[in-house]
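Below: a set of structures, written as structure tokens.
Below, chain A partners chain B and then partners chain C, in two separate complexes.
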Partner chain A sequence: MRTWLVDKPRDGIAAVGEMAKFFGTVLGEVFGGRVFRFFGEALRQCGVLILGSTLVIWTLTFILGLTCGIEGAYFFRSVGAPAYSGVFTAWCNLRELTPYAFGYMLSAKVGTGLVAEIGAMRITDEVDALEVMGISSMTFLCGTRLLAAFLVFPVMYVGALGAGFFGSYLAVVQQIAEVSSGGFFLIFWMFQNPVDLIFSTIKGYMMAIVVVLVGLYYGYTAGGGPVGVGTATAKSMVLNLVAVHLIGAMGTQVFWGASPRAPIGG
Partner chain B sequence: MSESTEERQEEGHQDGDEDATREHRDEEQSEESQDGGGGEEQQDAIEFIDVTKAFGRNVILNGLNLGIPENQISMILGPSGTGKSVCINHMVGLLYPDEGDVLVHGESVPGMADDDLFEMRKKFGVLFQDGALFGSMNVFDNVAFPLRQHTDKGEDEVGEIVSLRLKEVGLGAAGDRMPNELSGGMRKRAGFARALVLEPDIVLFDEPDSGLDPVRTALLCELIMEIHEENGGAYVVITHDIMSARRVAEYIAILWKGKIVESGPADELFNSDNQFVRQFLAGEAQGPLGME
Partner chain C sequence: MVRAVADRTFLPVKSLLEQVGDMMILTGKTISSAVRPPFPYGGEFVQQFLFVLRLCWLPLVISNLAFNYGAPGLQAGNFLSLFGALDRHGGFFILAAMRENGPFITGIILAGVAGTAITADLGARKIREELDALQVLGVDPVKNLVVPRFLALMVTTGLFNAFAMCFGILGGLLATLTFQAPPGPFIATLLTNAAIPDLWGSMIKTTIFGAIIAIVACYKGMTASGGPEGVGRAVNTGVVIAVTAVFFFNYVFTQTLLGTHPEILILR
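The block that comes next holds the complex of A and B.
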């Protein structure tokens, strides 16, 4: 009884505190400028992210864009307004589908990859080896990866949006073909503006940074041999999925909750 | 060996071995004063002063007093799980004592700011049990890593130094191989090359013989002696392998239950009257050390 009422909540609060402290330290490494001592390593990590994750994320959002376009086109045809297919693709891709797909994919690929990589380094003494060489492992391993994430993700995200839009365009205009290209784009652009793009990017960016921070935390603090690394990887995935949904819901509420910017009915 | 550390060490000794220890310390002191001239003693490379360390309720180091002499190959011997690796982690500031102090060249490790600690660690080269090579780099890049991070040397010079170090450890042709393509012994030797590449003042070896067959252990011991002869410095080898100790050690400290049982020149310890030391160094079943 005492375990559930006292110990568990206390341990949970302590764990959140530890994590917050870790996040603060890693962010401090980047914004304090210490990480620029290892800028070469940060650029290498940028390369790893670009080569390892970009294509798979863009492919995923392209396929989701196709799906979104088909669903939208058939729905609006069923209500006698096929010309409005662009509404669905604009909103679906920009506001929800791409940010969530981005968050899911980063959780599955980048987040778990970070936990596995840094966790394995931890249990094979590689992290300690860095430390005894006089190199801060926090800066070299965590700071550089976070800086790489800051540099790469905005471009990767905007590219993912573009891939989604392109998929929707192909599905609506080329495949189902009940609306002309000009008609599609008229509605498509009417239901979004540059501010929406910025909001969407902030939403996806926040998800991505949280995913990276969580991955770094669970990797850096992994222990207990290979089983411990496996457990840490699973925990990071669960936490990342929860965080992605929380950020997604909050983003929609904050950015579009009060003003959906939908030019319907004048 | 500094007088203060000796006094503390002697206090920490177990009953029955104090006379023998004091005797060889006296001899050592008299030799040092003859060698040093003017009675000046050489400072220890590393000193543990009343160090206590516990993990939860498990007390690992219990008032440890130990001095690691300069320019010798020292060995810290002791049964498994007695705190030898914890000692190494204290030396380089990966762990801090709950009580007491650890001095490296007279500077307190627990009292150092982070930047000073990272600077101090450049004095060290550490060979971890499995080499701790970076899995994402080949052997050449692993050995070159400290040079690239801490020096302004050009790639040509780095290449020359790394090739030389790899040849020294018999891995001249293995530079482009990845760590997972190496045997355990090769990984240790590559780790040794990396530990030496910045020409550190102090080199620590955490069980260099673990997982190696007797022949390769003997070869690694010879390598340690050869390189120490060339480069000098304080080498500290953690092991529980008595054959390695006989081959390599110039100075031995025996650790048990978080304290030094006896320490001194290797020859004297191998002729010690202390029951525990005799049992451990002879590898006998009868004696104070049991399975507990």
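The block that comes next holds the complex of A and C.
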């Protein structure tokens, strides 16, 4: 009785506090400029991200673009306006599913990867060894990876959007083939504008940064041998998925909740 | 030079194909040992079922509510309210919450939460050589460890989908209320547009998602190697493969369902 009424909530709040403290420290490392002493390592982490994760993320957004495309094409065929499939695919890709797909794949690929990597370093005492050598492990391990994330993700995100658009184009124009290429693109580009692109990028970027921070936290605080790394990896995934969905819903509410931003009406 | 380039290109592809083949073999073994007597996996099945249930229900509820409030709720609501047709909002949720978002969010959550936990568990057993010990004792790991997880994930993913749809529709209802529209037309159009093929399509889809996730998670756990790093790496690659496979299967299934059942597309 006492355990779940008093102890569990208290532990939960304490864990949230620890996490916030950790996030603050890592962000301080990056924005305080200390991380630039290890800029070479940050660039190497950029390379790891680009070579290791980009293709997987683009593949996932491409598949979701295909799904958006067929749903949109069939839906607008059922209301008798197949030429307007572009409305659905533009909003589905740009505003909602690409940020979500980006968040999902980042938490699966990058988030758990960070936990596994840094967690393994932690339990084989490599992190302590860094400290002994006089290198701040917080800066060298966490700061550089966060800086790499800051540098790489906007570009990767815009590429992911492109992959999603291409998937939708293939599905609507080539596969279902009820609307001409020109007609599709006319509506498709009409229903989005650069401001939407910026909003969407902010949404995906927020998700990405949270995922990286959560991954760093669970990796840096891992313990309990090989099993501990596995459980920390699994735990980070729970938090990442909930955070991705909450950020997605909040972003939609803030950016598009009050105004549809569509070229209809006055 | 040519040799090096060819190795760099084809070796990953080859290892990927080999892994997919191994997973297929594991699927076959799992199904055949699930139906062949004896059936020693009852207790483990119940335990895994409750484990998945306890682990996943809260992330699932929050995620579905948030996703369906934002994506189909607010965006489609905005679009419809431009035409003054917000009373049609409910009909859109058949496409959104039932056919697409409910199943794929269930798949993502189960892959991310239950799949990773299973990989971590089996991977830790593998590198502590407990699986080899089991085989020495004459206990078949596939029958005693993989089959209960496979069945438990299939059943829970299918059942969770029902809750995913409920909370997805609740999220849509909340979005309708934020437009200051009455909830009555939402529910009325939702019920008139609902069709039986959508419901069973959604259920079958999620059950197969569960099977995919269980096989990938178990395979990656049982082939983990390389000490503590190995478990983490197994979880990492496992969840990536599971997520990609779920989305790819989702595309194929949606296409098949929409192509073979055109009557569910008619708006009523």
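In the analysis below, the second predicted complex is superposed on the first by the 262 of 266 C-alpha atoms of A that agree within 3 Å, B and C clash if a C-alpha of one lies under 4 Å from a C-alpha of the other, contacts with A are read in each partner's own complex, and residues count from 1 in each chain.
Keep in mind that, in the parts below, a residue touches a chain if its C-beta (ideal position, glycine included) is under 8 Å from a C-beta of that chain, and two chains touch if they have at least 3 such contacts.
Keep in mind it's a predicted model, so treat the numbers as computed, not measured.
> Label the relationship between chain B and chain C on chain A in the superposed model as either fit or clash.
The answer is fit.
> Between chain B and chain C, which one contacts more residues of chain A in the superposed model?
C
> Touching A:Tyr157, do we find chain B (first), chain C (second), both, or neither?
neither
> In the superposed arrangement, does A:Val132 touch chain B (first), chain C (second), both or neither?
first
> May I ask you to decide whether A:Phe23 touches chain B, chain C, both, or neither, giving the answer as first, second, both or neither?
neither
> Pick one for A:Thr124: touches chain B only (first), chain C only (second), both, or neither.
A:Thr124 sits against chain B and chain C alike.
> Please work out whether A:Val115 is in contact with chain B alone, chain C alone, both, or neither, and reply first, second, both or neither.
In the superposition, A:Val115 touches chain C alone.
> If you stack the two complexes on chain A, which partner ends up touching A:Trp58: first (chain B), second (chain C), both, or neither?
In the superposition, A:Trp58 touches no partner, neither chain B nor chain C.
> When the shared chain A is used to line up the two structures, what angle, as a multiple of 10 degrees, is there at the CA centre of chain A toward chain B and chain C?
Vertex chain A, arms to chain B and chain C: 100 degrees.
> In the superposed model, how near does chain B get to chain C, counting Cα atoms only, in Å?
Here the least C-alpha separation of chain B and chain C stands at 8 Å.
> Overlap the chain B and chain C contact sets on chain A and report the shared residues.
120, 124
> Across the complex, what residues on chain A touch chain B?
120-121, 124-126, 128-129, 131-136
> Could you please specify the touching residues of chain A with respect to chain C in the complex?
Residues 56, 59-60, 63-64, 66-67, 70-71, 74-75, 77-79, 87, 91, 95-97, 100-101, 104-105, 107-109, 112-113, 115-117, 119-120, 123-124, 225-227, 229-231, 233-234, 237-238, 240-242, 245-246, 248-253, 256-257, 259-260, 262, 264-265 of chain A touch chain C in their complex.
> What part of chain B is in contact with chain A in the complex they form?
89, 92, 94, 114, 118-122, 124, 126, 128-130, 132-135, 145-146, 149-150
> Which residues, counting only chain C, touch chain A once they are in their complex?
So the residues of chain C in touch with chain A come to 55, 59, 62-63, 66-67, 69-71, 74-75, 78-79, 81-83, 95, 99-100, 105, 108-109, 111-113, 116-117, 119-121, 123-124, 127-128, 178, 227-236, 239-240, 243-244, 247-248, 250-251, 254-255, 258, 265-267.
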